[in-house]
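Please go over the structures that come below.
Below, subunit A partners subunit B and then partners subunit C, in two separate complexes.
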Partner chain A sequence: MDRNGKVKTEAEQDPQPVKKQQVSNDDLYRRSTQYEMWSYTAESFEETRRKANESGRKAATEKFNEVFESIRQKSPEPFEKFKEELNPEKLLDLLTYEEETKYLHYYSRSIIQTCNHFKMPTQVRATAVSFFKKFYLVQSVSEYHPKNILYTCVFLAAKSENYFISIESFVKALVKVLTKDILDLEFIVLQSLKFTLMVHHPFRPLYGFFLDSQAVLLHPSPLMYDVNIDTLGSLYDKSKKWLNDYALLSDVAFLFTPPQIALAAMYDIDKRITDRYLKKVFLKEQKLEVIDEEPKESGFIKKEEPEEAEGVEPKEDKKDPQREQYETLVKTIRRCIRIAKQIPETTKEESKNIDKKCFFTLNPTRLIEKRVTKLSSPSPEIKQEAA
Partner chain B sequence: MTTAPLKYSKSKKVGEGTYAVVYLGTQISSNRKIAIKEIKTGMFKDGLDMSAIREVKYLQELKHPNVIELVDVFSATNNLNLVLEFLPCDLEVLIKDTSVVFKSADIKSWLLMTLRGIHHCHRNFILHRDLKPNNLLLAPDGQLKIADFGLARSLGNANEDLTSNVVTRWYRAPELLFGAKHYTPAVDMWSVGIIFAELMLRTPYLPGKDDVDQLDVTFRALGTPTEQIWPNVSMLPQYNALRVYPPPSRQELRNRFSAATEKSLDLLISMTQLDPSRRCDLTQALLHEFFLESPRPTEPEDLPKKKEKRVKEEDDEMNKRFKV
Partner chain C sequence: MIGLEDERTKDMCPICKTDKYLSPNMTFLINPECYHKICESCVDRIFSLGPAPCPYPKCGKILRKNKFKKQIFDDILIEREIDIRKRISNIFNKTEEDFPSLDEYNQYLEKVENVIFNLNNGVDKEKTEEEVNKYEAENKIEILEKSMRESQKNSDFTKYQEAVERLKQEKLRIQKQMEIEDIQYQKQQQQELLDKLSSSNTANSDEIIKQQQSNMQKRSQFRKRQLQQLTSQLDQNFSKNNPLTKKEVDNEPKAPFTPFQGDRELKKRYELLPIPRDVDDLLDIDNHADETYQDPYVNKLAKNKEYLGAGWRLHTVFERALDEAFMGLGCFIEKEKMVS
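Entry: the complex of A and B
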């Protein structure tokens, strides 16, 4: 559902006696590539990410073995001498699924910094993050280092959102990035995105709900004694910030629809107003007073309630469909809030370690040569240097 | 969506645009005729061309009988290939072909299909921004398909300014001519109105020679907008030193479009309102009484077709058969 969630007729007044079909905005969303190709359940999302990590590790292992063999053939002595230390099992240290996930979250944050540096609009920022996350649903950091992918995603997102920036001025503002680094990756990114560039963000539906909540809660007369246009305006602003802080960085865009995410933002910012709004929209046929007095209702929306308890609802058979729809929506919203706030935190130390691992995964030659040099080094003290 | 190029066979080159070469081809599995638009990559200073990006972005989302179908996208040797349904003709070709007679039911049918396609775009928050007869392609079964989304864009990110330098000049709405930075789906509606007029006249309605002349041609035909009929128009960037023409009288319009019914004039007037906020939207246009009065719109398969083209097509068919 969105602001215009009511079923609208496709406004084709066809004078011919052809049977007309009605297409709702929900139907339109279901036909979007975002829904068709990039929507997951929590389980299938994790599975896809794990698979990407898995195949990245596999590719990195193959690359490593190749490099290892070729170096050993060129200069076999150290490999004879340090058989114990110089074997692939010992040298190879690939990123685990958890490490990769943390690493990607770390880089998602730098997308936002990059976009802010260029003063790009919200739309570009949000699309760039979406491209980046989609890229790593298909690919892995064990094959593509996130730094240049992140810049490429920003560059492509800017173009896709009609906020063109020339490659020269883009690269000029970045450190140690060449024009070629980005242009060479642009097509690979587009391909990994399965050539789908349209991203539906929750900002538009949020604005819709802002307008609609005014109509529903303030007109013809205010429904809540302490809610006026300023209250709703402030709810809107805070919700926008919420979307930037939580929705953008978490994975909710792959698990929920944009209107659901927008409602989650509002609900988390002000449960009381948002809930009243939802009730008014969904349960309009019933008398609100009665609903508000219902004791189960207040229990249902209690925040501290554990997840499982959500299912503990009156199991009466005569539950009316509107109420059921409302309850399902609130459950969805609350699940969305919970997932939005599960952004893994990474310490600086941790990211540095992961960063190093990633570097050597992508540059096995450097890894092997470094080990060889260290082992062959005459002074054992120097060995103490970082591995 | 990423498919091996082996799924399609290319037969011959049919056209070349600024950023793409178009080939005719066949989808091997179905023997369906298709057009392959091969977008050159790696030859532009700034990477993938903006028009190509827009075309892919929007066509991926728009599935409608009156919007060109993007059958597939694939990459081959770092080239981006758009597989499009094969559309052998366009409305401009027919308008120019004086041997083809347009009945008013035919015009109604083309107009209706155009409006349906655009309505679908607008419902998906997509502005086409370059509607003209040349971009309204015709399928062999007579269906009209909106094509060329190289200038399209998404609607409604309030914090962005839009460029007013879009839409081929003759079909450019007055707010764009005045350099408006915040425009609406009404720019597409204007273009459809001008195309409607062109279908009736069989010649371009407002053929300005340059951007300045376009203002003059437009207002000579439709009257110069004033603050009275279009509040705040004088605030727009390029609104200055205009010659003041009076709006055309109803009788003048009747004379201009001699075969038009009163209802078709009503619709045309509504589509070409100078003030974009007074222009009808797609829903209103589709619900207009013009579409309810007789005659009924011609069935697509019964619409006039370009004769030569059909012969050429059969030629292609023959060539292919011999090649195989």
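Entry: the complex of A and C
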């Protein structure tokens, strides 16, 4: 009954919609927040972290100076007496960038322990680690102590991955943590994450490659004499473990895309099978093109990566784009493996030291008071230590 | 002109004061001249001898009996607007096909709406009325043609609906007939069974009963198939003979909606192995395992009847994993972010 006055809009009527640009799956990934906000080049990643550390140190210094002044005004004698020992420069010992990195790695490990304690699925565990790392890309240990941030991240990750635990039962299972500690931090963490809760993990892509490698290597007939479903199954299981051991704890999630990380895991576990698979997938139409010779451009440009099309003029006469793409991919995977294995090892003593430093950075009052009592007390032993 | 009646007097005819409570059969009528409510018996009494003035005090409009009608909407204002709309749309009865472009059609609709609004709210009433009359006089033939075309369309549609109804009836009849036949057959079988049992020795009886049961099952399956065949035949005949059903089939599915201002990746990087999609195939998945992806855990889940009932299918799991495997594989962050 449109005669009765329902005015149609023009868009509804448009008989032939304008031909729109095709969007590839890679473009879809480029539109994710993980790519837009949380992916870095190696250089910018380090820069971001250094900046976080720097701003943390700055904030901690300001806080320290404030406290220092107020204590000095309250009881000036010890400060007069030990002018040498009690000056801010000497007292203040902040975490360096390297120390902070180590310290965070130590806590990332304990996230995994915490999640295992609650028997959480892999997805939650990985998301919690990701939240934690992202938080400390924006904030610094010198401002927020990692312990409670860690629990908040786990709690938040459980919620965002649909594995809900009530706050009461969560806190009950932890030692010396209050409901308030977590709920107060929740919003701060969310804000630092810029409210991006979706995390793409390499686990499902790995499963996808497990499936696709079956299709490519086993069908219609086995391609390699010693590869069957069981070898691929064990490759998959080992790669999963690799992801848990290396990818989760290292920084690869910020530097590579999930499928690349998944392939890196497979490549590191069994180079032969993975390489065969990649060659079959990425170089499969090569022979055909050699036969045609003619520059059938329309066919090949589609296969090409968009950034390659617009990139610097390549020496295209020799290398065909497929080959190039394959080589870039393998190079990327190799780099990913290398970075994934650079997880700083921290001894217990070292981490204890850093922990102490961190505690005093966050509580400058305690630091100063401790020093003052130490200096004031006549015990020679302590005096020696102080000197 | 129109006064809102009191809640109390709502069910009472203001002329003869008959109450609905006492005579529940009484109905009210209104006349689109003045929209005053009068009960049916009063209308008969006052207007049967020809046109007469409205009996409401201070109204005095001349009303005719044949214009009286039942009130459909509770709100008299809406009732009036619907009347006006009906009258105007009978005059301005062009459809979209009569215009070269959508813009012009929209303008036409706008104009019609303006006319309706003016008449309804008493804005420039005389002038608008004049305009409508003028338009009607000028386009008399066209309007007539149009309305004839419209009524033709409507009658086609009613014919189609009738045919659908007939088809339904026919199907029902066949089904009933088959049911009756089945019942008769069953009775007969039972009688035969009893006869057999009484004539044979006891050791055999179990076997005979079993045989009987399997026979019955076979027959019922056969009958079911028969019924299906018959109905599908009917359906086919129906769609062949009816032009309207064909139209619906011809409506090709349009390009799928995509929220990304373009199409989804049509050229996938992977080739899907055949994955069982039917429920029957899924339940029998162990026999197809060689042809499809092998994952003992997921394949076991695929057979789970609770999952199947809820609509969970194996291929969605595989497709999702495969899609994600290639989503972002070609994004080389180091290179891409360096430029920006």
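One rule holds for everything that comes next: the second predicted complex is superposed on the first by the 332 of 387 C-alpha atoms of A that agree within 3 Å, B and C clash if a C-alpha of one lies under 4 Å from a C-alpha of the other, contacts with A are read in each partner's own complex, and residues count from 1 in each chain.
Operating definition for what follows: a contact is a pair of C-beta atoms (placed from the backbone, for glycine too) under 8 Å apart; a residue touches a chain by one contact, two chains touch by 3 or more.
Since we're looking at a predicted model, the values are computed, not measured.
In the superposition on chain A, A:L28 makes contact with both subunit B and subunit C. Using the contact criterion defined above for the overlaid structures, shared-chain residue A:P88 touches neither subunit B nor subunit C, since it reaches no partner. With both structures placed on the common chain, the touch criterion links A:R204 to subunit B and to subunit C. Subunit A has more of its residues touched by C than by the other of subunit B and subunit C. Of the two partner chains, neither subunit B nor subunit C is touched by A:P76.
In the superposed model, A:A215 makes contact with subunit C only, not with subunit B. Of the two partner chains placed around the shared chain by superposition, subunit C is the only one that A:T41 touches, whereas subunit B remains out of contact.
With both structures placed on the common chain, the touch criterion links A:P259 to subunit C but leaves subunit B unconnected.
Across the two superposed structures, the residue set of subunit A contacted by subunit B and also by subunit C is 10, 13, 23, 25, 28, 31-32, 204. The touching residues of subunit C, when paired with subunit A in their complex, are 85, 89, 92-96, 102-103, 105-106, 109-110, 112-113, 116, 255, 258, 260-267, 269-273, 293-295, 318, 320-338. Residue ranges on subunit B touching subunit A, taken from their complex, read 1-2, 41-42, 45-48, 50, 53, 56-58, 60-61, 63, 73, 75, 78, 80, 112, 116, 119, 123-125, 153-154, 156-157, 159-160, 282-283, 286-288, 291-292, 296-297. Those residues of subunit A whose C-beta lies close enough to touch subunit B in the complex are 10-16, 23, 25, 28, 31-33, 121-123, 155-156, 159-164, 166-167, 182-183, 186-187, 190-191, 194-198, 204. Subunit A makes touch with subunit C in their complex at residues 2-8, 10, 13, 17, 20-32, 35, 39-42, 44, 200, 204-212, 214-215, 219, 229, 255-260, 262-263, 281, 302, 305, 307, 325, 328-329, 332, 335.
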